[in-house]
Structure formats: structure tokens, C-alpha cells
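Note that the chains take the letters A, B, C, D, E and F in the order they are written out, and that residue 1 is the start of every chain.
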Amino acid sequence: MVSVSIDELAWTEYRRRVVDERQPVLIPLGALEQHGLHMSMNPDVVIPTAISKAVAQNIKALVAPAFAYGAKSQQKSGGGNHLCGTTSLDGHTLSLALRDVLKEFGRHGARRVAVINGHYENLPFATEGIELAIQELKWSGIEDFRVIIISYWDFVTQDTIKKVFPDEFTGWDVEHGGILETSLMLHLKPELVDMSLAPVQSPAKFPPYTVFPPIPEWTPPSGCLSSPADATEEKGKLLFDVTVEGISTALKQEPLWQPS
Amino acid sequence: MVSVSIDELAWTEYRRRVVDERQPVLIPLGALEQHGLHMSMNPDVVIPTAISKAVAQNIKALVAPAFAYGAKSQQKSGGGNHLCGTTSLDGHTLSLALRDVLKEFGRHGARRVAVINGHYENLPFATEGIELAIQELKWSGIEDFRVIIISYWDFVTQDTIKKVFPDEFTGWDVEHGGILETSLMLHLKPELVDMSLAPVQSPAKFPPYTVFPPIPEWTPPSGCLSSPADATEEKGKLLFDVTVEGISTALKQEPLWQPS
Amino acid sequence: MVSVSIDELAWTEYRRRVVDERQPVLIPLGALEQHGLHMSMNPDVVIPTAISKAVAQNIKALVAPAFAYGAKSQQKSGGGNHLCGTTSLDGHTLSLALRDVLKEFGRHGARRVAVINGHYENLPFATEGIELAIQELKWSGIEDFRVIIISYWDFVTQDTIKKVFPDEFTGWDVEHGGILETSLMLHLKPELVDMSLAPVQSPAKFPPYTVFPPIPEWTPPSGCLSSPADATEEKGKLLFDVTVEGISTALKQEPLWQPS
Amino acid sequence: MVSVSIDELAWTEYRRRVVDERQPVLIPLGALEQHGLHMSMNPDVVIPTAISKAVAQNIKALVAPAFAYGAKSQQKSGGGNHLCGTTSLDGHTLSLALRDVLKEFGRHGARRVAVINGHYENLPFATEGIELAIQELKWSGIEDFRVIIISYWDFVTQDTIKKVFPDEFTGWDVEHGGILETSLMLHLKPELVDMSLAPVQSPAKFPPYTVFPPIPEWTPPSGCLSSPADATEEKGKLLFDVTVEGISTALKQEPLWQPS
Amino acid sequence: MVSVSIDELAWTEYRRRVVDERQPVLIPLGALEQHGLHMSMNPDVVIPTAISKAVAQNIKALVAPAFAYGAKSQQKSGGGNHLCGTTSLDGHTLSLALRDVLKEFGRHGARRVAVINGHYENLPFATEGIELAIQELKWSGIEDFRVIIISYWDFVTQDTIKKVFPDEFTGWDVEHGGILETSLMLHLKPELVDMSLAPVQSPAKFPPYTVFPPIPEWTPPSGCLSSPADATEEKGKLLFDVTVEGISTALKQEPLWQPS
Amino acid sequence: MVSVSIDELAWTEYRRRVVDERQPVLIPLGALEQHGLHMSMNPDVVIPTAISKAVAQNIKALVAPAFAYGAKSQQKSGGGNHLCGTTSLDGHTLSLALRDVLKEFGRHGARRVAVINGHYENLPFATEGIELAIQELKWSGIEDFRVIIISYWDFVTQDTIKKVFPDEFTGWDVEHGGILETSLMLHLKPELVDMSLAPVQSPAKFPPYTVFPPIPEWTPPSGCLSSPADATEEKGKLLFDVTVEGISTALKQEPLWQPS
């Protein structure tokens, strides 16, 4: 039982690590969301979970079970919540669920948590959950509970971007089901990617506004917002290593998040 | 991509199965809860997920990502929510989360869902989630959405009980971290069980009432409510087979749950 | 004004008892639910209210007004919430209502409350209400608020079961509108029972799962889940006396619930 | 079983009346609230319940179980929610509870409901509950559900006011625990009134604003906002008869509330 | 930057006033609600905002941005929420919004707040918001946060009533879109009133109950509940001056609301 | 009464425009948030309100009262919600408020609404409000209700960016209280800007993660995230004109948002 995964530990071992060793807890935050014809619907869970486990090895931390369902997909960042397969929570439900789980870790004795996000739309609702948890933990007399929230792609360096997108980087916003996520999945779960189905398409272009209900024609038929055709396992490894390295370093160095 | 797991399918394959083939969806409902010194904290997720996958193979169904967090542990059925490691949602949060997910499957076109529960305390709050989802789907014009809810242990036959508990069966209520769950884990994830730490203890006895906040002394120090010492992989296989068989048969035969 | 009923006391007398004498408060939790052709829809209110009053006399306690509406009836324990007459709250509403009322008693100065439940489906939602109230009272600086929750039938002894069900006891689950409740009503409110309409039927049998929306055919036409035909006033008195005695003793003896 | 009280009927009799005879349903809305040194804390329940039953006899209607807990007492109408004994729900909880119950009556087949209110502070939150229920019933295809809400004192005629308050009527706002409620209780439940403890005091005077948290000194020590000393059983009978008569007539005559 | 309006101040100037000078904060509470053919839909915002600013000048206070949307209009006080133009929040939403804003002012350091209400239906839901905010601020250790709530018309003196309604005052309840509000608007925003469209009508008469859904015929066609035809700018000035004077004096004198 | 502001119209004129002329409704969404030492706290309200009014003139639309309070400020986009003066709603409260208001406009007969956002953090919670409103309006039989959501800065063209930021554009994320907002305020409300207090500072740099509770030292002392020193009225006019022009054109041309 040397796993970093909380759910794979007996409670006594968990308690030893979180209470005695003051290990922090990482929570991967994902979604069940279509990611194109060529790929499974779980990259937003698989990627932050894998990153969290690698980071946890590096910094001696624990990894909580991933949130398998996330906030509603938005058309310009995830294709939209009208698509078949995409299975989302109301944002408010996500806020409450993360609030509840954070309060529990605080009750156990954890004082440092990092939320490792893999689904763009989760961020604000996860933030509300964090704010609610901190408020309620303070009401319970726990004043020193601190949470870092990270979207893993924010740790991809300029250098790496140049290598992964040698021609042109069109921005994270249309990277849904594109080179970034596909490469990472080729590295982490190649059996869930079928590159023969990878659509060749130019990046989705959207007007500077959003319409509700979504206009299905806005989303490319594949569900991807840019072409994953140039994704490779090598790029995936590069992306994985740089984000794991970056997040590990950040968590080791951020002074206000060190064990008290 | 011949998985039964929704998250491992591309959305087009998922759509083919759920819309064209009218396959039902199974949702494993678990918890992150201490289960004694000798076992990981995920049996309530591992067991219903494995059962769901085996049933899905039998009846041609799909399996949604498991709910990794469940309703608050109660002292007389799970040791209590004061214990370190047990990480729970408010019951209402669970209701909302299941409501949201069910509504999404209904939106996709699914009309038959089975919730496969592995955590006793989930049942009423999951039920409320189902009732809310059905209400709202009706408001959306979807009148024929039907959900079965199953706690897997209700499919253990009298025959099997006699084999698994040759001396005396003290009832499901104190089977927390006991022979049932430990045997199943020995069958499904032996690497997460360490029988050398299995406590030998008599079944927990509780008064016919419950006190809040919980009285820590009521819960045996191990966190188990009965002794897992007699658990074996063979018993686990037996239990697994009989529940998979029973649930598969039930889902194939319940007339009101057949594809419309 | 020597009543034990809070609502029948002037506030000054209530204050004297709850603050000066530190008397505990009992809250009967009921439901408005069909209980067969032969009986009124209020046994879940009448029975725990009568028990609470008798217990209160025994242990010098106060009785709060009963909750007249309860959580949604479930098919295998109460016939189902699709039946005409059954009038239920969402589980979450019940949680909030009990939370509010408990917080009020805590504000008044009460530190020991017993929730005396008469409707099976209330239990988990009442529990959530208790947990929320204790949490919020702690936030308000009230750390020693303790609540016992009791379903009265859990105090029927084996001895009594043998006398009341001389042939065979088929379990509490199908005792809806059966011998237990009918006998108690014959003892407490005979005018609300018409034994000439008592259905003779074998105990309802259900599969080991539940379907939503409910399948009306599953519920016996009477609404009872077992036959009340053998109910008598004598059995009712026996049941009443044994539960009153058992609950009184428990509340007098549970060390952590004694007045601080 | 010729009661008008729903909870005292078997479900089949209830169904006959509400579905076949299209009888309307009256819901008494009360509170558990201090009403002075001389009187029990239940006038807001006792009075509207008695009125509802008498009206139901007159117009052939059904009476639902009273709401025993109401919205938070306000200082200038009920003495304030800081007082010992007063036991209130959050307004939102009351809204949800009434919403749930109204939806249930609509599901049964009732199309005309009258909410008979006995606690001033309930009105707006009950109104929100009614609005929510009507909205959701419409979503369920029930378009003709109509609710009347009545505060019983609004049916006291000018004539009666002159008889009951021969000197001067200081307004309903300070009639908390005063002549109106005390007289009605002397008529309905004389055993719950002790006129020897009735405070002689001039009507409470409040500034034209309200302060939170309440200023305890604003509320007269008795908890009454005006003197009940001139209350008599005769006045109670007069008040009871005039409100029962008025409400019965209104419900019989309001064209939009007649059975469809 | 000598404004009293918080939104027109830089945060440092705001901080100086609220923290260093301990200035109280006034929050105007309004609505977007039809007020007759002759007048804009914003009197419930314009009037309390203007009053708040004048009072703030008098007592050295700050004015927060007005709440532009209020609780649902009721037929007997505002014509009803079925009318075109009237744009309301659920009462619960209003409670939450005011709770949030009050908590923020408490976090900044404000300890005295006055809610200046201009829309009758807001009062109970605003009260619930105040109660929730005070509860949560106490949980955060802020024990001395005090809020006064005022409906401005409660400061119109008997003297002024006689001058403004020389013939007969029919009560505040039917003053919707009548002389009071129209005169005040003629004084404050004459460009938003067109007296040529002022309906001449007798005061609306309602039965002593309310029906839901509203009965459109109950509301006079203009939307006004009494005639504004006798409104004048002079009356408006009189009303404005007397309420500003009265509120200023009250806030300066209420001992429990003075700066701590 | 030729205003485009809904609150300045009589309800009959509003009805004429929204029902007869099928004019769309624009809702400015703002916040009360610190914007540096040199500027008032209302730019997020002032700017989208002014833009909305100008757009409304161009496309014949109506403007609803602005939302004066917005979602909680985040440190990397608005300085953080720990700052004095910043006064925010919980995200969920904002969702409910916008849901309520949108449902009302739908009830009136409006079928096209544009939400014009001025506060970055509002976007996801406003989106949830829109999704909830559309869901509930569908339940009410209104199937053709469409909402566009716009953050005005997304209509600043590349050309304009080059003119406004001749040296280097550091991105919208640190434009809080910087050249964009300050120039617009100099154009729209110069009296609320004091350029002598405009801080000269380099753009705020943040790590690629966020910490909760916020680390005050991360936010520049001024509260601005970039220097407003180069703001001018001319740039403000340029920015205003280009956004008004862009939004007007978009709303006139988006085929799915044209009047039905």
C-alpha cells in the first residue's frame, strides 16, 4: 500500500500521512465530455489524474479520487452542452460538491490542498466551492486551510508551445480535442485514441459573443475545436513532463502553501 | 474501443449505442469511506463498478463513471462520519449531482438507467435525485425515462449467505468492512487488502437509537463493524458471481425497464 | 398548564423547564401517508406523538409539535409516493425544516433533543437536518448540543414480536398498515380504524430493486403491505407499553444524553 | 369517518371527496410562538385550524394538517424571534414546505386550495410557496390549480371590531397576544388561557423602523404587544363566528375558486 | 469625489469613511414595477435612492448602489406580478442578494447599515436577508453588526398626510402609483411623469383575500391602485422633506445604531 | 418618454416596444469593485450601461436596469475579493438573479435578450443563469427565447488595440483599472477619474495558479493590475465607438437572434 491515491489507502495510513506527515492533498477535477471522433470522453479526468499522481510522487502528497463529472461544456471552449455524450453538472452542484469534499479534508486535518483542473469550465464554480469551504472551515475554527487551484495547461511553457505547435499556436481556447489533449492521451492512454479518425480541420472560429441555446452549426462536426492531426506521443510526453515539473516546483516553492 | 465504459468511448460510438441501439446506462454509486485497517477506502466504488461492468457485458449496456464520493457515513452502518479518511457529500449535494447526471443521460436519448449502489447511506439521497430528474425530464417532455436502483448486496441469495457465513449471518447492517466487502475486494483488488491486518472482533452491537454528534467509542477501533477475518477470495468470487448473475437477470427481465 | 406539550405552555413555563430544569425536548416526526382502506392517514403522526408524550411523562421532558408531513413515501416501505392521499415533502425540505427547529431549541437553551420518528422514509433526511443543525449551532458557539434519533419500532422487543406475530414475523419493511400500526391505532385512536375494511392479504413481495417512476401494480390495492386483519387493541397496548418503556429507559440511561 | 380532517380519513375516502366530489382543501398555517404569560404558544395553530374545520363543514371541504411551525417572528408584530419559546422556520424553508404540500394536493387531483393563515409573518413566504407550486404544477400540465390565501383577522368586520374593542381599536399590528387572540383562545381552548396572568399594559409603541438584531427592551416583558385583559369568551365566540361566516361566504362566492 | 455614493468613490476614500470615520452605509432597495400609465417603472428605486442620498448628507453616511429589482409584486399592493413590465426576483433570490451584500459591508468594516426600502413586497425577504447576514457575520466573529430597515412611507407624519390627502387618506396599501409616489416623482424626476395620462379612478377595492394565479380584472386597467390625479410637485417636496428629516433624525438618535 | 431605459418607461410604452415592435432587451451586468486609487468603483456598471444605451439607439432595443453587484472579484483579474470596497455576490446568487430577470422578460413577451457584461468574473455565473432561465421558460412552453452574452472588451478590434496600447498590449487579464477602463471612464464619466492619482506601475505578474485565501501581497497596492497612466479621453472615445459599433453590427447581423 504505497499508493499516493487516497482511495487505495487504509484510513490509518491516510491518517498517518495527512495528520502526522502533514502531506497535502491534490484533487483532480475533470469532466465527462466529448473530445472528438478520435478520442474517448475522459481526457479531462485522465490527464489531471495522471499529472496529480506524478506530482504527488515528486512532492510527497496524496491524490483524492477525481471528480468525474464537471461543469457544463461551453460552445467556444468545449463544443457546447447540447452535444450527445457530454454529461455535466450544474455549476452550482459542482460548487457544493467541491465545498463538501474540501470541508472533509479539513476535518481530517489536511491544511494544504491543490485542485488540479482538467476542464476549462470548472474553474469559476470550483473557485466558488473553495471560497465556501474556506468560509465554513473558518466558522469551524480552522483558520489556516489553504487551497491552490491550477489548470494544468497554464504550466505549459513558451518553449514547449513552440515545440508542440511549430507552425502556429492558435490559443488554449480552441485546444479542445486538439493537439494538446490528444498528445497527452497518446502518452497516457494510447488505447483510447484512434488517430485514424483524427479530423483534419482548421481551428474553429467563433464570433466574439455566445448564443444560448447553442447554435449547433457553430461547433465543428467532429466536436474538436482544432485539428488533432499533428498530435504525437512524443508531444504528449513533453507536455506531461513540463506540466508535472512545473506544478511540482510551484507547489514546493509557493511559500504560503508549505506545511504549517 | 469495445469498452462498456462511457468515458472510454468516443461520443459517436456512445451515441450509436445509446441512441441507435437503445442500450441502457448503469451508474455505479460509491463513496470514499474507511473500511478498516486492512483495506483501502474504495470498496464502495470498486465493487459496484466491477459489478456494473460485468452486468453491462451480459446485458449489452453502458457504464457511466462511478460516483467516487457518497452520502455521509452513519455510525451504525459505516462507522460514522467523524472518522478520519471518510470523505462525504451532504446528502442534498448527492441528490443534485445524480439529478444532473440523469438529466444529461435523458437529454442524450437514454431511457433506461440503473443506479448500482455500493454505499448504504446513498440510497435515500440517490432516490431523491432520481425523483427530481424524472420530474424535470417530464417537464422537458421526456415521459418514458425509467430508473432502477439496486444495492448490490440485495442480490446475494440465501444460498450464498449460508456459504459465505457458515456459522451465523449477523445481518447486512454490520457487514461494514466485514466478510462481504473484504471477500469481494480480495477477488477484485487483492492488492488493496492486507489480511494480516484484518481485525478479529465480534460484530458491533449498537443500541436501537443513534446519537449525534457520534460517540466515537461506539465504533470498533478498526472501523469495521464485524470481523473480516474469515474473508477469502473464493467467497469474493462467489459473491461477485451471484450478484452479477442476479442483477443481469433482473435487468433483462423487469418488463417495465426493457428498451422502448 | 401541566401539559408536556410545548405548544400548550406559556413561554415562561417552557423557559422554566427547558432552561432552569434543563428538560430535554422530544420531537415527533410523522407523515401524511395512506395506510390502507381501514385506517386514517395519520398513524405516523399519532403513534410517535403518543409515545413521546408518555415518555415525556416518564422522564420529565417536553414534547414539541409533531411534524405532520414527512419525506416521500417509498414503494417497498410505504406503498409509494404515487398514491392518492400520501402528501410528502421533498427530503431536502424536511432536512431544512428539522434543522431550523433544532437550531431554535438550541437557541432557547435546550441541549438534549430526541427525535421520535414514526415514518421510515424520514430517517436519512432527518439525520441530515440534525447534522446541519449541530454544525450551525457549533458555529454559534453551542458545542454541547446532542440529539438522539429513534424509530419507535426499533424498541419492540423480540418477546413482544412473538406475542404480536404468533405465526411469523415477516419483517418491519412490510409492516406498513399492518398489524403493528393498526394495533397501535386501535389502542390510541380506535375511532380512526375500521377493522371491517381491514384487507386480508399476504405480505407484499418485492423484487430486490426499486423502479422509478413507481409501478402501481407492485403495491397491493389496499395500500397496506401486509394484512392488518390480526391487529387488536391488546396488541396495540402491548406495543405501546414496550416502546414507551424501552425509549424511556434508553433516554434515562444513555450517559451522553443526560442533562449537562 | 365523517371527519373533515384529511389525516383522519382513509385514503379512499379522501380520494372520493377530492377527486369525485371535487372538494377543495383548506390548509391552516400556524406557528409556535410565545403569546404572553397568560396563554399557550399555539394560538396561531389552534385558531386557523378551528376556523378551517368550521368553514369546511359549511362549504364541504377538507382540512389538511396544520403547519405547526411558521416564519420567524418579527418584533413589531410578534415580539421578535429572539424570545425563548418562539420556534420558527427560515422563511425559505416555509416556502419550500408549502410548495411541496400544494404540489402533492395538485397531484392527487385537488384544484382549489385555501391557505388559512394564523401567523402574520407567514404571509409573504407562504405566497412564495404558492407561486412556486403553481409554476411547477403548470410545468406538469396542471393549468387550473387555484389557491386563495386568507389571514383570518381580515374577515373581522367593522361591526365586530366595535364590539370587541369598545374603547379604541389600536390596529391589528399590536394585537399580538391581545384581545383578539386571547378571546378566540378562551372560546376554543379555555384550558390554555390563564386570565389571572393576563398583563395589563398599554399597547406597545414602536418607532417607524426595525432594528436587527432585535432590541429586547422594545418588546413588553410579557411578550404581548397589547393588553389581553379585556378578552372574554363571548368576544371569542363573536370573532370566531364572524370569521367563519365571512370566510365561508367568500369561498362559496369567489367565482374563480369554484370547483371546475 | 465628494459624493456620498459608494460606487462613485475610489476604494481608498470609501475605506477612509467606512473604516476610519465609521460612517454607516445606506442601501436603497427598489423594484422594477409598473406604476401606471403616467409614470416610469422606477419610482421604487428613484425615491429611496434620493432619500438615502439626502439622509446621507445629513448624517454623514454612505449610499450603496440601489437594488434595481425587487420581490414579486402582489396584486393588492402593487397590481400583481402578472403585469407586463413588472420584473421581479423570487423572494429567496432577494434574500440571498441582500445577505451577500451585507456580509461584504461587514467584511469591509461597516458596523451600521440602514436598508431604505421603496417597494412594499421587499420587506419580509429583505428581513430574511438581514437575519442570514447577521447570523453568518457572527459566525465570522463580527458580533456588533446592526441593521435598521425602513420603508420610507412610514416616516410620513399625520400632519403631512392631512396636507397631501386633504379629502381622505385611503391607506398606504392602495397608494401604488397614486398621490404619494407620483408627487415624489414630480419632485425628483418630473421628466418621468406625464400627468396628462394620470388616470382618474377611485381607490381599488379588494376582497379580504388574495387569489393565485392573480385575477387580472382585480387590478385597475391603469395599474395604479388609486388615482394620482391630485399629485403635485409641492406635495412631492413636502413628502420628500418630511421623510428625509424623519429618517435622518431617527438614524441620528437611535441609541443602538450609533457608531461603536 | 423616448428613453431606451426600461425603468424610465411607463409599462404601456414598454409593452408596445417589447410586444408589438418585438424589440430586444439588453441587460448590462456590472459589479461594485475597486478599480484603483484614481477611479470610482463603478466602471463595470458605467461602461456596459453606456454601451448598452448607445447600442440600443442603434438597433432599436431596450435597456434593462444594470446589475450593480457582480460575482466575487478574483485576484488575477480584479485584484481579489479580500479588498475593501469590492462588494460582491456569491456566484450562485448572481445566477439566480439573472435567471429570475430573464424569466420575467420572457413572460412579458421578449424573445431576444443580450447580456452586456462589464465584469470578467460574472461570465460563467451569468451563463448558468441564462441556461436555467432557458430551461424553465421551455418548461413554460416558451421555446424560442434566445440570449446573447457579450463581454464588451471582446469587441475591441486589433486596430484599436494598436492605437490604445501603442507600446505593447499585455492582455485583457491585467487590464483591471488600466488603460482600457480608465480611458472609457474619462470619456463617459470624467468626474469620477482623478488622473493625478493614477499609479505608474508595471503590469501585475502572477504565477500560473491561484491561492485561496488570497495573498494580499500579490495585488499591487493601488488595486490596479496595470498602469492607467497612459489613459486618455480620446482613447476612451475610440474604445467606446468601436465596441458600440461592433456590438450593434453583431446584434443586427446574427441570424439566430433576429426578431422572430
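Just so we're on the same page, contacts are C-beta pairs under 8 Å (C-beta built on N, C-alpha and C of every residue); 3 or more make two chains touch, one makes a residue touch a chain.
All values reported here derive from a predicted model rather than from experimental measurement.
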item: Minimum number of chain-to-chain touching steps separating subunit A from subunit D; value: 2
item: Option reproducing the contacts of C-D, where over half of them reappear, out of A-B, D-F or B-C; value: A-B
item: Mean-CA-position distance for subunit F and subunit E (Å); value: 26
item: Centre-to-centre distance between subunit E and subunit B (centres being mean Cα positions), rounded to whole Å; value: 54
item: Subunit A: positions in contact with at least two other chains; value: 90, 92, 139
item: Chain contact topology (line, ring, star, complete or other); value: other
item: Listing of all chain pairs that touch each other, if any do; value: A-B, A-C, A-E, A-F, B-C, B-D, B-F, C-D, C-E, D-E, D-F, E-F
item: Residues on subunit A engaged by subunit B in the complex (per definition of touch); value: 1, 6-12, 14-15, 18-19, 32, 34-42, 45, 64-69, 83-90, 92-93, 96-97, 100-101, 104-105, 108-109, 192, 194, 197, 223
item: Of subunit C, residues touching subunit E in the complex; value: 139-140
item: Subunit B residues within the subunit D interface of the complex; value: 135, 138-139
item: Subunit B residues touching subunit C - in the complex, by the definition given at the top; value: 71-72, 74, 81, 90-92, 95, 121, 123-125, 127-128, 130-132, 134, 146-150, 154-155, 207-213, 215, 246, 250, 254, 256-257
